[in-house]
Amino acid sequence: MKIGKVIGSIWATRKAACLQGQTFLVVAAGEEELVAADQVGAGPGDRVLLATGTVASRYCMDAPVDAAVVAIVDEGKKET
Amino acid sequence: MKIGKVIGSIWATRKAACLQGQTFLVVAAGEEELVAADQVGAGPGDRVLLATGTVASRYCMDAPVDAAVVAIVDEGKKET
Amino acid sequence: MKIGKVIGSIWATRKAACLQGQTFLVVAAGEEELVAADQVGAGPGDRVLLATGTVASRYCMDAPVDAAVVAIVDEGKKET
Amino acid sequence: MKIGKVIGSIWATRKAACLQGQTFLVVAAGEEELVAADQVGAGPGDRVLLATGTVASRYCMDAPVDAAVVAIVDEGKKET
Amino acid sequence: MKIGKVIGSIWATRKAACLQGQTFLVVAAGEEELVAADQVGAGPGDRVLLATGTVASRYCMDAPVDAAVVAIVDEGKKET
């Protein structure tokens, strides 16, 4: 999974019917920027854990999404 | 999911039978150019949200496609 | 999906039993070179549309392949 | 699969309910840093084998994770 | 699918129980090095065809692996 930082959100009026009710956040993960469905309640500035692929879709009740916020990170310690 | 911009479309006479009726758009997403099935009705210049992988296939009635337009983006705000 | 150009093919005598009868093409897609199963009948020089991942396997009767030619591209127009 | 080195772990209080009980390790794999669920018992400094995608989720009882530690590497020999 | 060259193998004493009996090869594919389960019998120096993702797992009796050797390449001809 990737760790990213929420930097915004997007709106879409015309979309797949099965996306109704999904919230989409723009997340910066490394040098990449991606859009993830959010059911955890993350907001701008939060560091989040992203699941991608079919896993994300299953987590979002099989909606056609390939990235989802699954957690908001509290703390990260690194030991080398 | 990725956000991309529709820059064209492609035609294919010889193709998998199960691709009949699918519309294929060429989408520029970052530095990458990819082809996505479209059932939302996007056109040239639209900023679109793409789902990739098995998720896209399921959304397109299990057609052998690995990318699909699932929404047309209205507005994107970024807060840092 | 990616668009690539067929640049050759490969043979394998020792392989998974379930790969019998599959044709494998070498396809150049951007800066990448990959091998895709072909059931559409593409040949050297053809521009082809590739589906990747589980989608490709399902299209090839669940053979252990992760890329498949699903169409031969006729024409590609780009509008900016 | 990728080989990586465990460099830390993360905590998340707010998360998907189905992630309860999962341990998340930060793993450096090549130039990339990712987070993987761990059920093998790896610790800082261990070289681990990672499975990614739906495979990882299935291994973790269908939790919404897309990377999992599936083994701790003993020894790696390379012959050219 | 990717073509790679077998450059070694790895051992893991502590691992997912369902990985018992799997052989893991280190394969160089382009600039990337990855680990793949092998059931075809490849050895050092062999050029192999790799399937990745869920496809590889299914080929290896649903073991938690995301890359598998599915063929040993005999010959590759390229025509431009």
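The chains carry the letters A, B, C, D and E, assigned in the order they are written, with residues numbered from 1 in each.
As a working rule, a contact is a pair of C-beta atoms (placed from the backbone, for glycine too) under 8 Å apart; a residue touches a chain by one contact, two chains touch by 3 or more.
Given the structure is predicted, the values throughout are model-derived calculations rather than measurements.
Under half of the residue numbers at the chain A-chain D interface are used by both copies of the sequence. The distance from the centre of chain B to the centre of chain C, each centre being the mean of the chain's C-alpha atoms, comes to 19 Å. If you average the CA atoms of chain C and of chain D, the two centres end up 31 Å from each other. Shared interface positions of chain D, i.e. residues touching 2 or more other chains, are given as 53-54, 56.
Taken together, the touching pairs link the chains into one ring where each has two partners.
In ring order, beginning at chain C and turning toward chain E, the chains are C, E, D, A, B.
In the complex of the two chains, the chain B residues touching chain C come out as 7-16, 18-19, 24, 26, 32-36, 44-45, 53-54, 56-57, 62, 64-67. By the touch rule above, chain A contacts chain D in their complex via residues 1-3, 30, 39-41, 49, 51-56, 58-59, 68, 70-80.
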